[in-house]
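Heads up: the structure comes next, in structure tokens.
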């Protein structure tokens, strides 16, 4: 191993950034051993910086572009007798009004009931938004993809459908049935009315076994991505900071 | 506490230390890897080898620094190969955070081969719209990319003079951390008949094998393994030194092996001394 | 007929391809109303045991005995996410029990709206238990909406306050394992629940009890001990039974060459 | 105090959004678009509350000189560094996150901190695997086998002979049993979400308003 040491120069403009990033990186890694002052420092710094960054982004991307700019444009349009300006003015003001309801528990506890209206609006609206897509993507698509696989194993069925290609292999049939049984048994596991007894117990047990294989597979699949992230950080320390090239 | 108990209760800090060591050693000391090159990677390499000198290749750079560990090595190896063969490169990206990474890499490698921006290669930058961008490049690239990443008009870029659509490219390469391969297969290959080679991350790769079987893709480089294989091929063909993918792959292999060994050790301890059930068991049994 | 009329007057049209979704929704609402009505008439429903939920009382009791706190996180999503809403309803049940036993409850929050909601919800729970004097608003606090800064700070709380019981309920991303492993290392009892399919394996390996997917949604009903809310579980089971039968019969017919079932749900176009 | 008003608001707000999903009607569709667009403004307002909470927490620590109060100064330092460079400084046309100083803070402080926290997962995934993957029961054994087979299929640790088919086995596990398990979970989740959403809209679940058990 021949090392070509080229530690980043802490006095150059780029070098100081590398040094700071390196110290912070080590600070986080130090948590692996145990809680310590450096980690506490880094953790508190991160929370501060993170919270500050959110404010900056919210100001520039939300308030400045979606409230202040339309208000300015709208008022200008109204001055020029263009009635379309009103919507630019009213929309952000309405949103700000609902937003300000959230403050009442803090600034005026007596008006706390107004906050409940804001919550009711937010939760009601977003519950409503989800209903249609959930039914279509989580329920119908899952059922239809399971049936699609079965259809693909039947020459007759596949012939009647433009988007499905006939797969005559016996492995395709095996897989289609495997998935079908897995889904059916998995669903039985989730029945809340059924005590897991007798036939239900066997089906629910099969269901949970298949769930476990799925969980194990996802776990194993994730390892590589996580190790890649670590490799990236270590390469930063070795190459960018220490200038170590093996 | 006997040895079996100890095997079952190794302090997690020892595990952390072992992980750290098995990853850092290969990174500091990369060796050329003795791996078998898989068929999809070989096909990708050979397809790029067959691009005639002087023709054009389109690279869709669809990953950002978040996925660079898996995709950048392949991107670099392919750029070396293309410049070595004197092929002109046009880069576009469908990811907003990608242009800077693409630019840095292109600059770094093109200078090694004395290649000129605008003449031998160009970075047209990012355009939002995903599949719509891919589709529109079938009719006129100049329309969808009126200027390059630095704002220079395409009319004034010598390389872009004769490039209008997919017909002007010998090959399209998609380096993808998402599902953009789907768009290229549907549009660039399906609708406009372009030849396609792709590189993808480990999470996505499984979705794309069927394209290879159906010859919709001419080659597929999958994840870090694929990248390491590609570096191996480049080493054999052009004597290029194995780089980060090879080192990363060794670190990956060691890390996976270490985890499996720890699992085995824990189970050896467990079976040697079947203890009474712990609360963990119930949660798995429920 | 009605829609023709609406179309004529207001130019309202039904969006294309939403038929199956509408059918499922109507059937489900009918089931919901049917079981709710039964509950209002005094019917009680039998629900099977869910291991993680039976442990909730035990886990809160353990924190009380040890004189330590409970840490509850509602996940890393906003109030517009249904899993967060489910987590908030579970929080209210947990807060009531904590108020009853006088156990300290800490809720570090990721989203400020969720934080405000949590504060109000916990306050109401203490109010209902007549324990409003021991309600500490500052224990429900905001950290930051930056994913890993939030994670680092929660890890800090875990390692320094050493709560006896940790609830991880709601939607989580990659930080799930960081939180759960740190909680495990301090020896806390951990009950997790999420519908994030990719994060479930990590909770399964690191937590004592994990509510898998639908169990998270069932949890709030189950813990409410209120039969009109529990009736919704019956409606869910009804929906499941319907889909089960459809899938079972549908696959037999499909196997023998019929595309009927696929076309009903718009899957064969 | 009556909850009738808020419950009505939740019902109307919810039904309008459901209506938007099914119906093609200009006013309704643009209302729905409005809600989703302007929610971010409401959320931006809420950030003030969040920051106030953060300040209160740390100011309290400073005032009471609690353990580790000095670290609270660090939090304020980080916060104001971001705010000053991001809101009050301009450099040519560049402001906000584009301002070179703010961008410098982002690249050299926030980014490495986030990436390193994320990379800790590589360690934690190892310790979790070691501790939890014991063949205690059939479920636990399948969990552990599936994980190991997928890991072995990911990287060429074992090569030659039978082991050559590991990547194929991995792909089969991911495509078939894994797919089945995800589907079963997803269908359950779908029903749970739909039920929770409808409970909120119909006012069956009113915990968030307080006084759920009338």
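Note that the chains are named A, B, C and D in the order they appear, and that numbering of residues resets to 1 at the start of each chain.
As a convention for this text, a contact is a pair of C-beta atoms (placed from the backbone, for glycine too) under 8 Å apart; a residue touches a chain by one contact, two chains touch by 3 or more.
Everything numeric here is computed off the predicted structure, so don't read it as measured data.
Colleague: Measuring between Cα centroids, which chain is at the maximum distance from chain A?
Modeller: Of all chains, B has its centre farthest from that of chain A.
Colleague: Out of every possible chain pairing, which has the most C-beta contacts?
Modeller: Highest contact count belongs to chains A-D.
Colleague: Please indicate the chain closest to the centre of the assembly, with centres calculated from CA atoms only.
Modeller: A
Colleague: Cα centroid separation between chain C and chain D, in whole Å?
Modeller: Inter-chain centre distance comes to 14 Å.
Colleague: On a C-alpha centroid basis, what's the spacing between chain A and chain D, in Å?
Modeller: The separation of the two C-alpha centroids amounts to 5 Å.
Colleague: Taking each chain's centre as its mean C-alpha position, how far apart are chain B and chain D in Å?
Modeller: 27
Colleague: Take the average of all CA coordinates in chain B, do the same for chain C, and state the distance between these two points in whole angstrom.
Modeller: Chain centroid spacing, chain B to chain C, equals 38 Å.
Colleague: At which residue positions does chain D touch at least two other chains?
Modeller: Residues 18, 21-22, 39, 42-43, 46-51, 54, 110, 113, 117-118, 120-123, 125, 127, 129, 131-133, 139-140, 143-144, 148, 151, 154-155, 174-175, 182, 185-189, 191, 193-194, 196-198, 200, 208, 210.
Colleague: What are the residues of chain A that contact at least two other chains?
Modeller: Answer for chain A, listing residues that touch two or more other chains: 28, 31-32, 40, 42-43, 46-47, 49-51, 53-54, 102, 116, 119, 122-123, 126-127, 129-132, 134-135, 139, 143, 145-146, 183, 187, 190, 211-212, 215-216, 218-219, 221-224, 227, 229-230, 232.
Colleague: Where does chain C touch two or more other chains at once, residue-wise?
Modeller: 18, 21, 25, 80, 82, 85, 113, 116-117, 120, 143-146, 148-149, 152, 197, 200-202, 204-205, 212-214, 218, 233, 236, 240, 243
Colleague: Which of the residues in chain B end up touching chain D in this complex?
Modeller: 8, 10, 12, 15-16, 19-20, 23, 35-36, 202, 206, 209, 223, 225, 249, 252-253, 255-260, 262-263, 265-267, 270-271, 277, 280-281, 284-285
Colleague: Would you pull the chain C residues touching chain A in the complex into a rising list?
Modeller: Within the complex, chain C contacts chain A at residues 18, 20-21, 24-25, 45-48, 50, 79-82, 85, 113, 116-117, 119-120, 143-146, 148-150, 152-153, 155-156, 159-160, 197-198, 200-202, 204-205, 212-215, 218, 233-234, 236-237, 240-241, 243-244, 246-248, 250-251, 254-259, 261-262, 265-269.
Colleague: Along chain D, where are the residues that touch chain C in the complex?
Modeller: Those in contact with chain C are residues 18, 21-26, 28, 39, 42-43, 46-51, 53-54, 56-57, 60, 110, 113-114, 117-118, 120-121, 124-125, 127-129, 131-133, 143, 182, 185-189, 191-200, 202, 204-205, 207-208, 210-213.
Colleague: Tell me, which parts of chain A touch chain D in their complex?
Modeller: My answer: residues 17-18, 20-22, 24-25, 28-29, 31-32, 40-60, 62-63, 66-67, 91-92, 94-96, 98-100, 102-103, 106, 113, 116-135, 137-139, 142-143, 145-146, 175, 178-179, 181-183, 185-187, 189-190, 207-224, 226-227, 229-230, 232-233, 236.
Colleague: Could you pull out which chain A residues touch chain B in their complex?
Modeller: Against chain B, the touching part of chain A is residues 1, 32-33, 212, 221, 223-225, 227-232, 234-235, 238, 244, 246.
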